[in-house]
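Note that chain A is present in both complexes that follow, paired respectively with chain B and with chain C.
The block that comes next holds the complex of A and B.
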């Protein structure tokens, strides 16, 4: 039914609104990014009424939280609606309530940031203290996300009741994994924020900084992998359809999702791998827990290139790499996610570097890290989101992707890729040379080492300029596809399972068990460090306003 | 059969001196990571035993009760603080730990679980939940070191590990009690 009629109008309006906010965030975040890069290179000085650090905080919150969260929820709610026969009225209502809670939360967050009362970066590490209303805003955002997660659970449970014994359609299976992670992953940060509110109001005097950091990263790292899982869903399900092929093994796909859900949250501690207060052996254990994520990632890499090769050979590709030429390079719905996948190869390798204790000591808190997440999030994830937008926006707007906008999308992808390539490579190199992250322009008293970073910071600005052009083209394309493109029917591209596929075992559907295993692993990972930080707690820190 | 190979690989990996040394350096990793993984290795290797020696399992573990009893006795034994100490002090006990948890705990668990009834399964799960909660309280509350090899703080961490595991098992029990699986499957 959905295939014939396209998106259901009320569900489409929901997804369209989420996507609209996501792209509005891209506009604001992108401008902030360029401002920072030019200030950091010493080309421009931010005014005293809106400092470099305010721009940095806004850039982080708007892109890392708003853009990704709204896109992910808009995309997966469209998927739930399409693959499960339309959203239930109560689920739609829950998603709208979630939307309202998140918007209220962002207003609470943004006002203190603009007033320079919450210049604490998006990680809001204590003992830096923001206005209490900033933290209250974060609570609303989390409540909004939970509302959407519970809505998705209700939708999936109802579908399963009405379709007993059947496997959940694969894209909804991805959605379930993502919403499970969004809910359980945000429990830690919720506890953190609830301890910070009384501290920020002055009702409690001190806060345990190490516990706060640990709770934050149990969420922070999970969030990273939520974006990744969202991108991966399009790689497995949508991209094969765009190239005219079939999906890779259904069993492997579901196994990858379950493995990512189970192993994700325990991976968070590697963000604190050079923090004090933890024994070396415990850190070593956490390295293993973090690197486990590499296994499903490697499976994904194999699966994707296998799908490409199979399809390329069907189209007549000969020889070792002849299939490569047969790919639809002129189709932005393929090109953007393909470049995203390729970017994940160096991105993932950089992640392994950062997860390793000794190597992390070289790059910790340098621009290397910034380069790393612009490669993973800014390229792998965002380019996939861009690729998705060229069919999802027309789908939910009941319009069509025109050849002209497709061409514009290809140009936009090229601009974005060149910009990110220049920017991330420069950031990685200057990080290796010791350039710190989260620091506005300084020559360190004309020190020679600081001077050696200059060529790279200039290159970062050049990269950022390319990105701004790419971002502007993307915004135009999103606007055109949402409001101006010719009316018509756009397909929701879902690839079929492979022929003669082996039956998928039913245990994959038992989410209750998957969640219990996940919680056990989380307990294994976090109990020891948290007990250590609480039992051996330092006196605690009073709040500091460092800006 | 592949499963048995994976189980053997896991067993060998866990027995490598640097891996064993690392896991045993932390009390919580010793009891809550190394030991369950050894059970898991035996669980995976059991497939080989079941295919290769079907008569043995049939004769010895026809209704699953002997196997599940053996599993419970070995598992409970390795929760004793003294047993952990001995494994660290005597190589013979260390070898017994590896052999018993994989062959006498993981393998019979695999063979017995499908054979035993709902009541026995419930008894095992509820019994271990209560045991974990009790052990957790013991390790958290005990004011003295229970193991010679681990300091008090490690013991408290292990206690919280037990309590969180018991908590997860309670969630599992509630999930089973309040979810009508027949409505979905």
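The block that comes next holds the complex of A and C.
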């Protein structure tokens, strides 16, 4: 019934609003990105009333927090509505309250940033002290996200009560994993921010820098992996439908989700591999904990190409790679996520480099790292989100994707790919040569080594220009599909499970158990270092405003 | 727990997981046998009393042995103390670092010297400088409005 009629109007309005904010964030964040790239290359000087570091702080917050979070929530709420028979009225209300909390929080965050009172980057490492309102805004954003997570839990729990013994539809299973991670992953940073607020007001004198930093990274890396898991959901469930095939083994898909949920939060520790205050054996254990995340990713890589090959052969593809030609390359709903998957191959490999003790030491805090997350988040995740938008926006807007906009989407995908390719390759190389990240234009007293980075910073600008064109086309497409495209019915593309599949074992539905295993791993990873940082803490740090 | 996989997927995963295991073994061997592990010094210090606490009360370059030097250095926004270090080629330098204010990064471009320098902690890292030249030291963690000016050089002669 639901499937015939398309999106439920009230649920569609919710998702549409979330998607609108996501793309508004893309516009703002993209402009910031181009400004930074040109400033860093020395081609343009930022005005004194809005510095490079303010632009960088805005770029990070708007793209890594706002664009991604709003898109993810809009997408998964559409999925929950579609696959679980419509949102419950109270769940819809919770998502709207969550929306309001996030917007309020965002306003609280942005005003101090614009006033140059919170130029602390989105990592806000203490003892740099932003305006207390910046931290209060972050609390509101977290509360807004939790509201949406709890809404999803209520929706899923109610469905399970009414459908005992059944497996949660796969996309809702993904959603559950994502919201579990969003909630548990953000607990650490919430504790951090709650200790920073009294410190920023001056009520407490000092702060424990290492505890703050560790709590931050327990969240920081989980966050990007949540966006990755969101993209992966579309790879497993949507892309097979777009190419006319069936999805990969249901049980292995659910296993990958559970594995990613369990292993994700401890992975954040590799951001601290060259920190003081932690032993090398602890760091070595964490290399293992980070690398484990590679295993479900390898399973995903296999699964995707297996689905493509099977479908290609069904369509008459012959030989080792003949199936490859049978893919719908002209369909943006396939092309964008396909390139996203391919980008994750070097992206994941670069991630393995960064998690590994002495290799991390070579590239830590250099532009290599920036290249890495523009490849993973900026390409793998964002291109998948773009690909999703070409059916999700029409779906929730009761409109259709026209051939003209599809073609525009293909062109836009190509621009984005070229831009990211140029940009990430040059960032990786200049990072290997030592160029530091988060640094505005400088020649370091005309030092020869610094001069050797110059060609790459220029290439980054060229990449950013391509991205600007790609981003602008994407914004136009999003606008057109939301407000201008012909009215009509768009399908929510959900691939069917494979034929003759063996039944999925029911243990996959035991979320309580999954969460306990996850928490055990988190405890293994974090209890010892946190206890050490607190028990053997040096005198704390007073606040500093150094910008 | 039963997961039925295609044989090719099993082969793929066995290869992939073996690769990770080998990778871990090499990393562990380099860390614990060859002493190539990342900088992980455990000592703490009062970040508000760096100038009064030994050895940072006397930052500078100290010769401690044949071709072996110790550089005691404090970092603050946006400077390294001491600046313009000079050592003979072929020396091994042990850097002893701490921060007087916010989090800084200590990177010698073109080498593997790269360490986080946090207030409250003493960080140590060593490097042998075989080739003569002017090595650029930069702060690679954003530390404020003048972060891009935070640099100095090591002259290896």
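In this section, the second predicted complex is superposed on the first by the 547 of 547 C-alpha atoms of A that agree within 3 Å, B and C clash if a C-alpha of one lies under 4 Å from a C-alpha of the other, contacts with A are read in each partner's own complex, and residues count from 1 in each chain.
Criterion: a residue touches a chain if its C-beta (ideal position, glycine included) is under 8 Å from a C-beta of that chain, and two chains touch if they have at least 3 such contacts.
All values reported here derive from a predicted model rather than from experimental measurement.
Engineer: Specify the outcome, clash or fit, for chain B and chain C once both structures are aligned onto chain A.
Structural biologist: fit
Engineer: In degrees, to the nearest 10, note the angle that opens at the C-alpha centre of chain A toward the centres of chain B and chain C.
Structural biologist: With chain A as the vertex, the angle is 70 degrees.
Engineer: Given the touch rule stated above, what does A:295 touch, chain B (first), chain C (second), both, or neither?
Structural biologist: A:295 sits against chain C, while chain B stays out of touch.
Engineer: Which partner does A:329 contact after superposing on A: first (chain B), second (chain C), both, neither?
Structural biologist: neither
Engineer: Going by the touch definition up top, name the partner, chain B or chain C, that contacts more of chain A.
Structural biologist: Looking at chain B versus chain C, the one contacting more residues of chain A is C.
Engineer: Quick check for you: in the superposed arrangement, does A:528 touch first (chain B), second (chain C), both or neither?
Structural biologist: first
Engineer: After the superposition on A, what does A:284 contact: first (chain B), second (chain C), both or neither?
Structural biologist: In the superposition, A:284 contacts both chain B and chain C.
Engineer: Give one of first, second, both or neither to describe whether A:506 is in contact with chain B, with chain C, with both, or with none.
Structural biologist: In the superposition, A:506 touches chain B alone.
Engineer: Report for A:356: first if it touches chain B alone, second if chain C alone, otherwise both or neither.
Structural biologist: Touch status of A:356: second partner only.
Engineer: Just to be sure I read the superposition right, which of the two partners does A:536 touch: chain B = first, chain C = second, or both, or neither?
Structural biologist: In the superposition, A:536 touches chain B and chain C alike.
Engineer: Looking at the overlay, does A:165 come into contact with chain B only (first), chain C only (second), both, or neither?
Structural biologist: first
Engineer: Considering only touches as defined above, state whether A:516 meets chain B (first), chain C (second), both or neither.
Structural biologist: After superposing on A, A:516 lies in contact with chain B but is clear of chain C.
Engineer: Please work out how little space separates the C-alpha atoms of chain B and chain C at their nearest point after superposition, in whole Å.
Structural biologist: Checking C-alpha atoms only, chain B sits 8 Å from chain C at its nearest point.
Engineer: Identify the overlap between the chain B-contacting and the chain C-contacting residues of chain A.
Structural biologist: 279, 284, 536
Engineer: For chain B, which residues are in contact with chain A within the complex?
Structural biologist: So the residues of chain B in touch with chain A come to 22-23, 25-26, 28-29, 32-33, 153, 156-157, 160-161, 164-165, 167-169, 171-172, 175-176, 179, 183-185.
Engineer: Over in the complex, which chain C residues touch chain A? Could you list them?
Structural biologist: The contact residues of chain C facing chain A are 1-6, 8-9, 12-13, 16-17, 20, 23-24, 27-28, 30-32, 36-49, 77-78, 101-103, 105, 107, 109-110, 112, 114-123, 134, 136, 138-149, 151, 153.
Engineer: Name, in rising order, each residue of chain A that touches chain B in their complex.
Structural biologist: Those residues of chain A that touch chain B are 157, 160-161, 164-165, 279, 281-282, 284-285, 506, 509, 512-513, 516, 519-520, 523-524, 527-528, 530-532, 535-536.
Engineer: Which residues of chain A touch chain C in their complex?
Structural biologist: 51, 53, 56, 119, 121, 125, 127-128, 209-210, 213, 249, 251-252, 255, 272-280, 283-284, 287-288, 291, 294-295, 298-299, 302, 306, 352, 356-358, 360-362, 364-366, 433-434, 436-442, 444-445, 447-450, 502, 505, 507, 536-542, 544, 546-547
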